[in-house]
Each structure stands twice: as C-alpha cells, then as structure tokens.
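In the two complexes that follow, subunit A is the common piece, with subunit B as its partner first and subunit C second.
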Partner chain A sequence: MTDTLKRPQKRNPVLPLRLPTLPPGARSRAAIQMSAAVAEGRFELQKCHDCGQLQYPPRDACTTCLSIKLEWTPVDGRGELISDTLLHHSNELYYRQRVPLRLGLVRLQENITVLAHLHGDCPQATAPVRVRAHLDKSGQAVLIALPATDTPNMADDRILREMTSDPKFRKVLVTDAKSATGQALCKALSDAGADMIWAGIAEPWKQTPGFDAITKLPNVTVVPLELTDNRSVQDLAASIGAKVDILINNAEFHRNTGIADRPGTETARAEMEINYLGLMRLAQSFGPAMRARAADGSVPSTAWVNILSIYALSSLPSQGTFAASKAAALSLSQTLRAEMRQAGIRVVNVFPGPIDDEWTQLVPPPKLAPAALAKAVVKALQDGVEDIYPGDIAQDLFNKWRQNAKALEREMWDQ
Partner chain B sequence: MSAPETPSDVLREMTKALATQRLRIVDLTQTLSPRFPQIVLPPEFDQCAPFRMEEISHYDDRGPGWYWNNISFGEHTGTHFDAPIHWITGRDLPNNALDSLSAQTFVAPACVVDCSAEAKQDADFLLTADRLKLWEKEHGRIPAGSWLLMRTDWSKRTDPVAYQNFDATGQHSPGPDITAVEFLVHERQVIGFGSETIGTDAGQAANFRPPYPCHSIMHGNGRLGLQCLCNLDLLPPTGAIIVAAPLKILNGSGSPVRALAIVSS
Partner chain C sequence: MSRSRTRYDGVVIAAPVTVPYVRYSEKDAHWFLARALGALLKTSGLKKEQIDGLGVSSFTLFPDTAVGLTQHLGFSPRWLDHLPFGGASGVIALRRAARAVQNGDADVVACVAGDTNHVDSFRQNLANFSRFARDAVYPLGSGGPNASFALLTAHYMQRFGAKAEDFGKLCVAQRDNALRNPLALFKKPLTLDEYLNAREISDPLKLFDCVMPCAGADGFLVLPEDHARQLDLPYARILGTIERHNAFPDDPIQDRGGWMLDRDDLYAQAALGPKDMDFFEAYDDYPVINALQMEGLDLCGYGEAPDFIRSNTFTIDGTLPFNTSGGQLSVGQAGAAGGFLGLVQALRQVTKQAGKTQIPDVKHGLVSGFGMINYDRGLCTGAAILGRA
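What follows is the complex of A and B.
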C-alpha cells in the first residue's frame, strides 16, 4: 500500500536546488500521435486495418503483414504483468535522479506485450494489472501499470506524481479569484488538499458577491494582481513566484460583441489586454521561477493552467472579439507549453463552452457551472492531461472541429 | 514698495518673489501610477483605461544607453482636467476642446472651500449654495473667472478601496449639489470646479436630478473641471493662483495635468 503523502517539509535553503532534467523526449512521428492522444486523455494504440494486429510501440507499418494502414484505436489497458524488474542504474540524468525504478512487461488482453512503469502497489509478476498511458516530464506518452483494483492513497505514488499535478499539498495561484470561476476554483482546490491558494484580485474596490466566504477558507490568501499592469504582475512574482507550484490563469475580460455591433476597438483591446497580454505578462514574470523549481525537492512546481474557451478553436461571431482574444491566448499558450516543457512543467489548456456567469445571461442552457469547470480543472491536474473540453457544448464543438473545422465555422454563423 | 508699472515689472517682481520664496509652488498633483484608481462606469459601458507603463528599454539589450517607457491612459486618469466637450451639454460650444481652449484659461485664481470636517462625518456630503454664501461672508465674494476648489481631504485616503468607497449602492464621495453648481455658474461665473475625489460630481450623482450636475451644468456653460487634486489643505481660502495646463490633444476631452498653485508665503 502506498504511504500517505505527508505534508512536505520546507526546502533546506543551504542545499543546492535540484535542477530539472527530462526523460528522453525524442519520438518518431507515429509515437508523437500516441502522445497527442494521451495529452487529450485517451489511451490509443495502432491497429492494422488489414490483419487486425495491435501495434506497440507505434510504427509506420504492421509488424505482422507490413500493411501501412494503421488506425488509432482505444485500448482498455487491462492485462497481466508477466515480468518485473528493479532498475538500479541509468546513464540518463533524469533516471539517475530517480532510481531505483520498477519496470515490467505487461501482456495486454488485446494480445500484445508492452513495457511499463510499475505503480508501487503492483504485486510481483504474475498478476493482473491495469495499464494507463500518461505524459512524462518530457510531455511524451509512457505507460504505467496500476494494480487491478484501487488501493488506498494510490494517487500518492512517487512515479504517478511525476506524471500528474495533483493539487494535494501544492501551492496554487488563481489569477482572478473574485469571478465566479475563480471562487469555484479556490473552493475546489481547497477541497483537493492544496497547501496554499493565492487568490489574485484586481480592482479591489469592486466587490463581488460570495468572495468574502472564499477569503475565509483556511488556506486562501488574497493577493493583488492586475494582469493589465506589468508592474503589478512583477511585484506579485517577486513576492510569491518562487513558491508557486501550479498557476491557474482564469482571469478574462468577456463582452458579447462582434465587429459590426459595437464601434471602435476599446472592448476588443480590453479583452486582448487581459486574455492575451495578461497571459504574456504572467508567463514572463512567473515562468522563469517555475521552470527553475521544476525538480525542487518533494514538491516541485508542476503545472500551468489556462482557462481558454472552445471558441478559441472556431469563432462564435456573436462574441467575435472575445473569441479572437482567446484564439490569440491559445496560440501563445502553445509557445508557453513548448518553453515550459524544457523544464517538465505541464501546460494545461481548458476549453469550456459558455460558462454560467453574468456575461452569458442570454445564452440558453446548457451552460457550464463554474463549480463543474473547477472540478474538471482539478481532475485534469490529477490525471496529468494537457487539453480538456469540459461540458456538453465544448465536447460537441470539439468533436465537430476535429471532424471538419470548415463545416463548424459555417455552423457557428447563426449561434 | 511701489506698485509695478509695466508687465515686465510684474514679471520681474514675480521672479524675485519666486527666488526668495515669497511665492511658493504647491503641487496639487497625485502621482500618475498604475496603482491609482480610475473612474468606474457600469460594466456595460466602455471604460476609461487606467495609467499603464511598459518599459521600452532600461540600459539593456533593448536600448543600451537609455531608459524609457511607453505609457497609456484614458484622458480622465489621475489628477486631470475636464474640457467642456467632455459632456454632451458642452458639445456645441466654441473652443470647447483641449486644442481650442484659450491658454489663458489654464492660469486662474482659486477660492478654496474647506469641507474636510463635513466630509469626514459624511462621505456623501454635498456642498450647497447656502454653504458657499456662508463662505463668502467670511472670505468675500467669489470672483468671476476663479476656480472653486472643494477641499475634503479625500486625497489623504491613500488606500484605493477607501478612496473609491464603493458599496452595493455605488460610490460614496462628497461633491457639489445642483444649487451650488447653478450658483457658481450663473451667479458667480467661476471658470470651473475642482475636487479631490475621482470626479467633480459626488459619488451618488448618477441619482441626482439632473444626473451629474457638475458635469452637466459646468460643461454646458463652457466651464472646466479639475479632479483628483491633492494638497488643497496647503492653500489659503483665497489668493492662490492655479496653473493647470492639459496636454494639447486634438479634440481632446480631458487630460492628466501637473496642477500647481502659486501661493504667497
């Protein structure tokens, strides 16, 4: 049974910081597709269209019949651990820091053998196990075998925690804690056992209903944060930047206008100032310290979450300037992901549909409740995925976008 | 000392008085900083941008020998000046914008009415015509062409939350009522009204009849506004000269100013 994770001790400040290293990250073009599926929370392997043989690792032609018609197909993951070993030595810097490591071969029920990390609770071979795919610190798919049934404190496993960003005992910054989503996030993070939640607030003279209750949560500390003001962002980073393990950027400016129905560019500019440039300012001020601390002791910095919008993928013309700002933020977040990956920090993008708040009053349901969004964010961190599409609308539009982005563009015209 | 006989004599006297500090300059200006709050309109309206500053270079690879910033702000940010064109009532007046206002209007005497005791008691304190008449009994008639500055010590509220002073019914800060504005505009011909609060009107002035009387009536009659002033407690009730020159913005409705008062020691 996994030992319960204890509240980590403070770092000994006279010892050198453990520097971030990465597991080998080079992958073939086919293997990158497996990682892409895992990033969206799916475990898929290639299946031969001609002979039906499952492939592992990913490759360009079938190992049985040489057909190149390989199709990605979901894998259940159940199988049998047929051998296991303990790795004591590696020339890879990342593994040198983490040996000994348990590894094993698992025969999946789909009749293929895979190499997997072993969860600490996995019994010795032979034994039934569940194989899951996760992203490692390099952002690439690796497999980990879990015991056949859940065990107590499973999520606290050392290797699993390397691949996920569970908020438990972690210190989290929520960039706009006053909004409906911000309040829900603070609550959900508190419930998930976050050690500290910094609740960022802009324009402190504006009071928001419900926020008082959030500030009374025992692990919440209110901090000033104006994303439109570089100095404010720098000041907060100077104060807490070296302690933030997870940054959740939920701050947004949201109005319901297209191009023709509101003259001028001031609303669009205000949206860009927070939704796009705000992210840029946060990345420049908080990014470096988070990258430096990505292997810091038992609680390293681990993840960066952006609350984007499903309309970042395809514009909703009735909220066109908002969608454009979110599309800009999406593009920037991809750069941020590439930069943060060098230290092993996961950038999680969240693509909700309409959220049930004051800026979607005239949008008919279904709308995503702020609490549901917060729950999805915490789950994404616990699962270690990169992109999530919480709620029915987001799921529906994401599927349409994957199938035919051009057709979706036309469908959005009258929504 | 004999009275100066020519304009050059006046300036010579003034130069000497400034050098010997018989005349002093009082800075009436709040520091233009990103922390200083900006006026808040209901969110369905477009907002005045707060003061923001982005570094261009700081003796670094972006510019090795020099430090400078790009700044941005709305016209009505920090200690600022309102031109008549700011309000719809003043839109058709001649010379109503920053570039067309006569430069002569930027230097004018001031009457300072001390309402600090009342404002301390009541954040919604309103300055009335009767209160102004009482002031005149003590300090003499408000001269035409002078500023009427309302001292409330509101500028000493350095916490932006206390300065804005919002609750669920809106903002609570002192200002003039309609009788005061009518009196100053029509019976005293002031050049404008100045305040220490975020606007020349009271915090609750959206609910007055008419709404925002100081903006509506002052600007409708070609008069000016100054707000977010400070150091009014260092001014005499009469006798100070205000120098408040806004930026010369084409068709501009307002501008941050470095507002100064010349006072005799």
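What follows is the complex of A and C.
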C-alpha cells in the first residue's frame, strides 16, 4: 500500500536547493505522436490499417505486413507483469536522484511486451496490471503499470507523482478569483487538498456574490493582483512568487464583438491587455521562481494553467476580438510551455466552450458551469494531461478542428 | 527449408591480437583500432598494402564508420565491412571475411573491433543506442543494459529455477581463469560470498553480474591456408559458423536465442557435436546469457542450464573450460571488442598461444556471440567452431 503523502515540513533555508533535472526527452517522430496523444489524455498505440497488427514501440511501418498505413488506436492497457526489477543505479542525473525505482516488462493482452515504470503497489511478477501512459517531466510519454485494481492512496506513489501535478498539499495562485470561474476554482482546489490558495483580485472595492464564502475557506488568502499593471504583478511575485507551486491564470476580459460592429480598437486592446499581455506579465514575474523550485522537496512547483477558450483554435466571428486575444494567448502559452519544460513544469491549456457567466447570457446551451470547469482543471492536474477541452461544445468543436480545421472555419461563420 | 551451408575449406583464421584494455582512455576509438591493425601487421609480417579487406566493429567510432577509417589509416581495401552487431560482431566478421577470401573478393582480411571509454562516453552511447532504446527504454531510467538483463535474469530464475549461486559459480570460475590472463583488468580472486553480497545494481543483478565498460581492441586475420603457412603463422580452421537476428519475436520475454534455430546446421557443417567441444567461449556481459548460450548450442536442454552449471567446473583445469580468458566479466568490456574477445581467445587456444590460460590437447573450440539489446531483448546471435590445423 502506498504511504499517504504527508504535509511537507517548512523548508530548511540552510539546505541547498535541489536543482531540477529531466528524464531523457529525445524521441523519434513516431514516438512524439504517441506523446501528443498522451498530452491530450489518450493512451494510444499504433495499429496497422491493413492487417490490424498492434505494435509498440512506435514504428514507421507495420512489423507484420510492412504497410505504412498506421493509425493510433486507444488501448485498454490490461496485461500481465512478466518480470520486474528494482533499479539501484542509473547513469542519468534525474534518475540518480530517484533510485531505487521499479521497472517491469508487461505482456499486454494484445500480445505486445512493453517496458514500464511500476507503481509501488504492483505485486511482484507474475501478476495482472494496468498499463497507462503519462507525460514525464520532460513532457514526453512514458508507460507506467498500475495494480490491477485501485489501492488506497495510489495517487501518492512517488513515481506517479513525478508525472502528475496533484494540488494536494500544494500552494496555488488563482488570478481573478472573484469571477464565477475563479470562485469555482478556489473551491475545487480547496476540496482537492491544496495547502494554500492565493485568491488574486483586481478590484477590492467590488462586491461579487459568493466571494465572501470563498474568502472564509480556511486555506484561502486574498491577495491584490491587477494583471494590467506591471508593478502589481511584480509586487505579488516578490511577496509569494517563491512559494507558488501551481499558478492558474483564470483572468480574462470578454466582450461580444467582431470587427465591423464596434468602431475603434479600445475593446480589442482591453482584451489583449488582460488575455495576452496579462499572461506575459505573469510569466515574466512568476515563471523564473517556479522553474527554480521544480525539484524542491516532496511537493515542488509543478504546473501552470491557462484558461483559454475553444475559440482560440478557430475564431467565433461574433466574438472575434476575444477569440483573437485567446489565440494570441495560446501561441504565447506554447512558448511558455517550451520554457517551463526546461525545469519539468507542466503548462496545462484549458479550452472551454462558452461558460455560463454574465458575458454569455445570450448564448444558447449547453454552456459550461464554472464548477464543471474547475473540476476539469483539478482532474487535469491530477491526471497530468496537458490540454483539455471541457464541456460538450468544446469537445464538439475540438473534434471538428482535428478532422478539418478549414471546414470548421466555415461552420463558424453563422454561429 | 534453407539450403545447407558449404564449408570454409582452404580459408583459415590467424594472428590473434589484443590492444591491452584500460578502464578509461582519453584516446579515441581510431587510436585503438590503429593499434590493433598495427599489431596484426607486426604479428603477420604483412605490409599494409597486402591487407585488401577490412572488417571493423566499433560503437565509439562515430561520426566515422569503417569507410572513414580507411582514409584515416591509409588503407585501400577492395573489400570492406562495417559490423554493428555488438557482441555478435566477432563471429559475423569471421564468417563474412571467410567467404570473401574463399571466393577471391579479398586476399587477406583484417578484422578489428575496438572502442574507447571516455569518462562520459558510456552514458552518451546508451542514450543513442537504438531508436527503440531512445524512445522506450532510456527514458525510464534504465541507463543501459543493466535493467534489461535484470528483467531477463529475474524471468529466467523464476521460470527455470536458476539460483544466484548458479550464476555466481560461473562468475567465480571465470575470475579464476582471469587470474592466469595478464590482459584481464580484474586481478583479484572472487569468492562466491563476495559475489552474493555485492552491491545491488538492479535486482536480482549485483555488481559482479555486470560487465565493466573499458577501452581496448582485438583483432585477427582471415586468409588462405597456404598464405598463412607461407607467413609461418599458426592458424585455426573455420569448421562452422552461424548467425541469426531477431529470432523468436513472438516470445513474450527472451529466454532462448537464435542459436536454437541454427545449431544443427553449425554442428553438421563441422561434422561434430556439442560433446566434441573442448572449451566454450561465450558472450558473457551478464551470466544469464551464458545459460541461454549453453542451451542454445545444445550443451544442455532448454531450461536445463542450472543443472548443467551445477555439474561442471568451467575452470581451465576442470570440466568444460569456459571463458578461459576470464570473459568480459573479468577482463572488461571494451565496447564492440567484447564481441571479439571470445573468438580471439578461442583462436589462441586452438593455436596453442593461450599462455597460462592454455588448455592441453585442444582439438575443437566453440565460440558464441550475442548482441544488441535493441529494446527488450538481444537481437543478434552467432556461433563458430574453430578446429586445430
């Protein structure tokens, strides 16, 4: 049984900071495709279109019939652990800090042998197990075998936690915590066992229904944070930046306008100021300290979440300037992801459809409840995925975008 | 049904050379291979121009291959072979060179294998060993073959009842043999207790189960028998050879190797049987592979190596002398030269040049190779039988 994760002690400032290292991240193009699926929460292996052969490791052609028509297909991961070892020695710095560690060969029910990390609760070979794929600290997919059925505290497993960003015992900053989604995020993080939640608010004088109750949660602290103001962001970073384990950028400025229906650029500028430049300011002020603490103790800094919009992928013309600002934020987040990856910090992008709030009053359902968004964000952190598309509309548009982005552009014209 | 193999009549192997192994070297692989080729010239009395065939095996020659080496060292061969087979490269170099000489594609082929070992080169080699290793093994922390062989060893022990003492017996016997070999890097005796109580590497493997990477090179010549006689070189006959790659791909985990598919051909080609072998030089990066080779080459049945180990001594003066140089486990693993070590030692035995490791009255010796853990198992297997001239 996995030992329950204990609330970490206060860090002894005299001890040297453990510097972040990464597991080997080089992959072939085929293997990167597997990582891409895992980043979106899917465990897929290559299947031959012509003969149906399933295979791993990823190849450029079918190992049975040499067909080059390979498709990525979801797999269940059930199999038998046929041999296991406890590794005490590694030549890689990352693993030298983490041995001993268990590895095993698993024969999947599809008759493929895979090498996988072993969750601590897996019995010794031979035994039934479930293989899952996760992104490791380098951002690439690796396999881990879990026991056949869930065990107590299994999320607290040492190796599994290297691949996830569970909020449990972590200190989290939520921007624009007064908004409906901000409040829902604070509540969900509190429920998930976050150690501290800093609720960033821009306009302290403004009374927002429900926020009082959030501030009364035992682990919530209200802090001033105005994303349009460099000084405000820097001041907060100077105060708490060295403690933030997870940053959730939930702030957004949202108006319903295209190009022709509103003269001038003021609205577009305001959207860019928060949605794009706000992210930039946060990243410049909070990013470096988070990167530095990415291997510090049992709950190191671990993740950065951006609440984007499904319209970042394909513009909704009736909210065109908003979509453009989210597209800009998406592009910037990819740079942020590449930079944070150097320390093993995961950047999670959330692409919701319309959220049920004051700015989507005239949008027909289904709309995403703030609590559902918050739940999806916490789950993404716990599961260690990189991109999520919560809600029916987001799922629908994401699928269409994957199938044919150009066709989706046309479908959006009259929405 | 494959056609049966023809013999290597009229072609022989001669001039075993070793560039002494060292734990680390600041030199490059080219330096070691140059010294091996130089030693072959010196031993044979041949001029450089008379070597018109080259077979080269090396992991650390990158970015060069055998091609770059020809210009680097000033050879103009009319036959050239690059052998990326790791532990099977010796046997494969021999069998290819033998056919080239037999058919007139080359007059004299120099086969060399060697690698350097810089302080960080082992780690870098592992990281880029193969595409599957880079995609699906190395990222999990199993820096190199230790974990791969640990998994094969654990499975073998569980399935066939081998004990740590069985593998220990082989390691201890090999160390005993190594103490007679001045070229071995390990100079101290090893007891079974020391073996069993050594530092854990990757359960069930402990320190003395794992080869020590080092730098060095080995080489030999393949040439017509009458040419060898003219040069007054002691030589051995090539009585049979086999190679196989990626055998038994459907086995869930490797507990047998390609030798099983080809051994009947090997013994038929030599018109000999396993009982005729006076000694056995196996590829021993980890002792479990010794067991697979004993079974694969029919010295005992599938899964019966534990009993076979218990009923032999494997020392030079005992029953079935085994890895008489000390093997890689006691000499060191100089990269690809590890694939030549057994063959070069077998050549020394059969030509009575084995010094203090010499077995009396040698007629036939068995050499085996195993190489390239591409993903979860070793892909290359090979074997050869050498006979006294």
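Here is the rule we use: the second predicted complex is superposed on the first by the 415 of 415 C-alpha atoms of A that agree within 3 Å, B and C clash if a C-alpha of one lies under 4 Å from a C-alpha of the other, contacts with A are read in each partner's own complex, and residues count from 1 in each chain.
Rule of thumb we're sticking to: contacts are C-beta pairs under 8 Å (C-beta built on N, C-alpha and C of every residue); 3 or more make two chains touch, one makes a residue touch a chain.
Not measured: the values here are computed from a predicted model.
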item: Which of subunit B and subunit C A:P58 touches, first, second, both or neither; value: second
item: More subunit A residues in contact - subunit B or subunit C; value: C
item: Partner chain in contact with A:T4 - subunit B first, subunit C second, else both or neither; value: neither
item: First, second, both or neither for A:L101, with subunit B first and subunit C second; value: second
item: First (subunit B), second (subunit C), both or neither touched by A:L87; value: second
item: First (subunit B), second (subunit C), both or neither touched by A:A26; value: second
item: Touched partner set for A:Q207, first subunit B, second subunit C, both or neither; value: first
item: Sites on subunit A touched by subunit B in the complex; value: 203-207, 226, 228-232, 264, 266-267, 270
item: Touching residues on subunit B, where the partner in the complex is subunit A; value: 34-35, 37, 40, 46-47, 49-50, 52-55, 160-161, 163-168
item: Subunit C contact footprint on subunit A (complex, rising order); value: 23-28, 30-31, 56-58, 63, 82-92, 94-95, 98-101, 103-105, 107, 111, 113-117, 125-126, 136, 138, 140, 142-143
item: Parts of subunit C lying in touch with subunit A, wherever the complex brings them together; value: 122-123, 126-128, 131-132, 134-144, 146-147, 150-152, 154-155, 158, 199-205, 249-250, 252-253, 375-376
